[in-house]
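Common to both upcoming complexes is subunit A, partnered first by subunit B, then by subunit C.
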Partner chain A sequence: MKKGWNIIVQYQSLIWIVVAWEIIAFMQVMPERLFPSLGKVVVVAIDLISSGMLMENLPTTLFRVFAGFALAAVVGVPLGLLMSRSAKLNDVMQPMFSLGYPIPRVALYPILVFILGLGSASKVSLIFIECLFPIVLNTYYGATRVGKIYLWAGQNMGASSSQIFWRILLPATMPTIFTGLKIALPLAFIIAVLTEMIGSTVGMGYLLSYMSASLMQEKVLACVLLITLVGYLLNLLLQVIQRKYVFWQ
Partner chain B sequence: MSTQTPAIDIEKLRKVYTRGKEEVTAIQEISLQIPEGKFVSIVGPSGCGKSTFLHIVGGFIPKSTGTVRIRGKEVDKPGPDRGMMFQESALFPWKNVYDNVAWGLEVQGVEKAKRDEIVEHYLKLVHLWDFRNNLPSELSGGMKQRISLARVLAFNPDVLLMDEPFGALDAQTREKMQVELQRIWQESNKSVMFVTHDIDEAVFLSDIVVVFSGRPAVIKEIIEIDFARPRQLDVHKTQEFMDIRNHIWDLLHQEHSKSGEDEF
Partner chain C sequence: MDKRLHKIALIEVVVLLVLWQLLAMLQWIPEYLSSPAVIGKELLAMVMSGDLFSNAAASLYRSLLGFLLVAVVGIVLGIAAGYFKPIGVFFTPIVDVLNPVPKIALLPILMVWFGISDTTRVLLIFLTAFFPCFIATQDGVHGVKQVYVWAAQNMGASRIQILWKIILPAALPKIFDGLRVSLGLTFVMLFSSEMIGSSNGLGLGFMILTADMAGRTDLMFVSIFVIALLGFLFDRILLAVRARLLWWSENRG
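For the complex of A and B:
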C-alpha cells in the first residue's frame, strides 16, 4: 500500500499532465479534432497494435537503433580507452570529438543520403556518428580517472598489456561507459525516428508522418504515445544491463 | 641459491624529476642491501621520497641512474617477483574476494585446481576464507588490507614491498594488523621492504630500520633491531624499545628543522 503510494508520488507530474489534458479536452477549449481526449488516443494506439501497423514498422526502427548504437559502442569504447592510454592517439582524435560535439550532426544526413541512399544504411550511419560522440568522450573521461593503483596492481601480478586493457581498464571504466551509453541510446532512437520522418517507407518515423498526413490528431498522438513507450522501454533495458554489469557501484 | 646474494640489492639509485625547466632531485643516491628473509622498514620525514624509492624498486616509475637487483637479477619493470602492497586497497571492486586473490595466478596461467588450492591456503592464512564471496566494498579497511596481503602472497613473489599498508587504518586496527603481519611474515619467510612514517610501527615490525634524510633523500642511519620474535605488543613498553624509538625520533626531527616549513 505504502509502496503503491510512493510510486504515485514519484510519477505525480505525469498524473497532473494527464488530468490537465483531460480537463482541457472535456471542456473543449480547443476543437476535439485538434485536442482529442487521451482515452481516444489510447484506443487508437491499441488499434495500431492489434491491426499489425506497429509490428510492420517497429522492427525496422529498432534494427536501425540497435545497429547504429551497437556499432558506436563496439568502436567507441575501445577508442575511448585507447585514447586514455596513448597521448599520440589522443592528440589526433581529441580535437575531432571536442570540436564536433557541439555541432548539429543531423546536418550531415543529406550528405549521407546522397552517398548511401534513403534506406537503412544512411540512417544507421547517422545514428552511429551521433552515438559515437557521447560514448567516446565518456569512456575517455572515465578511463583517465581510473586509479593508477589498479593498473599497477595488474602489472605487479604479471598481467600483459592486453590483459590490463581488457580485464582492468575496461571494467574499471564501466560506470562512466554506461553514462555514455545512457546518453547515446535515446539519441539513437531520436535520430532513427527523425530520419524516418524525412524519408522512408517504413519505420516509426514513417508511421508518424503517414499519420500526420491523415490530419487526424488522435492517430498522430497514438503514434507519439507508442514511440514514447518504446523509448522508455529501451532505457529500462539499458538500466537492467547496467545493474548486471556495474553491480559493485 | 647462494646465501650471499641479497634479496634486494640497490646500488647508487638516483631519481631526478623534471618539472618544466626545473630539475628536482628526489633521491640523491641510495645504496642498500636487504638480506634474504629480513624485515626492513624505511622511515623518513614526509615528502622525503621514501614512497618514490619503493615505487622505483617495484618498477612502477623509472629511476634516473643506478641499479635494482632482485636475487641478483636486474629489474626495471614491474613484475611478480616483487609483490607490492599499497596504502589504499588496490583490490578490484568488480571482483569478489576469491577472484581478487586468484587474479594474479589466473593471468600467469596457473591451472584451476592449483589456483583453488593456493587461494584457499592464503585466505585461511589471513583468516578471511569465510568472506571469499564478498565484494571488497563489503569489507572493513583492515580486512581489505589482509585480502591485499593474501593476494600478493598468492603469486609467491621473491620479496614483498609495502607502501604504508596500514596508513589509512585507525590506531587499534593498525596494531592488530602489525601483529598479524608479523605472524604471516614469519610463516611465509619472505624478505620485506616496508615504508612507513610511523616510528613505532617500524621498530615493532623490523629487523632493520633504515632512516632516510629529507629530500633529496640519502640514508641517514641503519639501525638493527633484535627483539626476540614473535614480538608481543607490550615490547613497546620496554626501555630498549623506547630508546630506539627516541633515537629515530631525534634523527627525523633534525631533518624537520633542517628542511623547514615546506614539508608540512
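For the complex of A and C:
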C-alpha cells in the first residue's frame, strides 16, 4: 500500500497534467475538435495501430533512422579514435567540426533534396551528417582523456599497437562513445520525423502531416503519442545495450 | 581553438570555396549547385535591397525571444528543481517523458491551437530548447560541492544568499553548457518551424521555401549561408559571454 502511494507521489506531475487536460476537455473550454479528451486520443492511437497505418509508416522511418545512425557510427567512431591518435588528421578535421558544430545543419536539407531527391537518400544523408558531430566529438574527447598510465602500462608489458588499441584504448573510450551515441539516436529520430514532415510520401512524419490535414486533433495527437512512444523506446533500447556491453562503468 | 587551428580553418574554407567555384566553372557539377561567385552576388544584392535584413530580423526575433524564454525559465526552474528536492521529484517524470519527444511533431497541434503565427513558432522553439537548459542546470546544481553550502550556512548565510552567491555561480559552467545546446536548437527550430506550415511571412526559412518553389537554388544557398552564419555568430557571442562571466573557472570553453 505504502509502495503504491509512493509511486503515485513520484509520478504526481504526470497525473496532474492528465487530470488538468481531462478537466479542460470535459468543460469544453475549447471546442472538442480542437481539444479532445485523452481517452479518445488513446482509442484513435490503438485504431491507428490495428488498422495497419502504423505498420505502413513506422518501418520506413526506422530504416532511415538506423541507416543514418549506423553510417554515422561506423564512420564517426573510427574517425574520432584516429583523430585522437594522429595530430595531423586532427589538425585537418578539428576545424571542420568546430566550424560546423554551431551551424544548424538541417538547413542543408533543401539542397540535399535537390541532389538526392525526396526519397530516403536525402533523409539518410542528413541524419548521417547530424549524427556524425556528437559521435565524432565525444569519441575524440573520450579517447584523448584515456589515462596515459594505462597506455604506458600496456606498452611496458610489450603490447603491440593493435593490442593497445583493442584492449586499452577502445574499452576505455567506450563510455564516452556511448554518450555520443545516446545524443545521436534521438537526434536521428527527430531529423527523420522533421524531414518526413517537410516532404515525403511515407513515414511517421508523413503520417503526422497527413493526419493534421484532416483537422482532427485527436488523430494528430494520437500520432504524436505514437511518435513519443517510439522515441522513448529507442532511448530505452540504447540504455539496455549500454548496460549490457559497457557494464564496467 | 587556438590561433593555428583558426588559420587551418580559414584555409580549409577558402580551399572549399575555390574548389566549388572551379567545379562550377568547368561545369562538372550540375547547374543547380550554383557557385560561390553567383551566391555572393545574390547575397550582395539582397543586402543592398534590404530584403535580407527584414527576413533575418523576423527570424532572429523569433529565435532570440524563444532562447531568452528558455534561459530565464530553464535556469530558474532548473535551480529550483536542483536545490529543492520535492520540486526536482515533481519535474523528473515530466522531463523523462517529454525530453525524447521530437518537439517538431507538436507543430501541427500548436498550429491548430494558436494559428500559423509567431506564438506557435516561439512556443515550439521554447519547448525544444527548454529541456537541455533545464537538465544541465539541475545537473549543475547537484554538482555543487556540499562543503561550499555548509561553509556558507556556517557563516550565517540565508537561503537566498546561498542560492545567489554559492549555487548559481558554482553551477554556471554547466548552465552555459546547456545554454549552448539550447541556442543551437533554437536555430534548428527557427529553420524547421518556418519550413513546415506554408505561410508567406518574413523569415529565412520562408526565403528557402519560396526560392525552392521558384527553383532558385542560388537564393536557397544565400538563405542557408545566412542561417549558418547567424548560428555560428550567436554561438561565438555566447562563448564570449561565458568567458567573461566565468573568468575564474578553468572550464571557460
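Quick notes
The criterion applied here is as follows: the second predicted complex is superposed on the first by the 237 of 249 C-alpha atoms of A that agree within 3 Å, B and C clash if a C-alpha of one lies under 4 Å from a C-alpha of the other, contacts with A are read in each partner's own complex, and residues count from 1 in each chain.
Going forward, a residue touches a chain if its C-beta (ideal position, glycine included) is under 8 Å from a C-beta of that chain, and two chains touch if they have at least 3 such contacts.
Because the structure is predicted, anything quoted here is derived from the model rather than measured.
When the shared chain is aligned, subunit C comes close enough to touch A:V106, but subunit B does not. In the overlay built on the shared chain, the residue A:M96 is in contact with subunit C alone; subunit B does not reach it. Legend: residue contacts after superposition of the two complexes on their common chain; A:V224 is shown touching subunit C, with no touch to subunit B.
Contacts of A:M157 after superposition on the shared chain: subunit B is touched, whereas subunit C is not.
Ranking subunit B and subunit C by residues of subunit A touched puts C first. Once chain A of one complex is fitted onto chain A of the other, the partner contacts of A:M174 are limited to subunit B, with no touch recorded for subunit C. Once the two complexes are laid over each other on the shared chain, residue contacts for A:L234 go to subunit C alone; subunit B is not touched.
Within the superposed three-chain model, A:M83 lies out of touch with both subunit B and subunit C [touch as defined at top]. No residue of subunit A contacts both subunit B in one complex and subunit C in the other. Against subunit A, in their complex, subunit C makes its touches with residues 1, 4-6, 8-9, 12-13, 30, 32-33, 89-94, 97, 100-109, 111-113, 183-184, 187-188, 190-192, 195-196, 208, 212, 217, 220-221, 223-224, 227-228, 231-232, 234-236.
By the touch criterion stated above, subunit A contacts subunit B in their complex at residues 147, 149-150, 152-160, 163, 167-168, 171-172, 174, 246-248.
Put simply, subunit B touches subunit A in their complex at residues 58-60, 77-80, 82-84, 86, 88, 90, 92-94, 103-104, 107-108, 135, 137, 151-152, 155.
Taken in their complex, subunit A has these residues touching subunit C: 9-14, 17, 30, 34-35, 91-92, 94-96, 98-99, 101-104, 106-111, 114-115, 186, 189-190, 193-194, 197-198, 205, 208-209, 211-212, 215, 217, 220-221, 223-224, 227-228, 231-232, 234-235.
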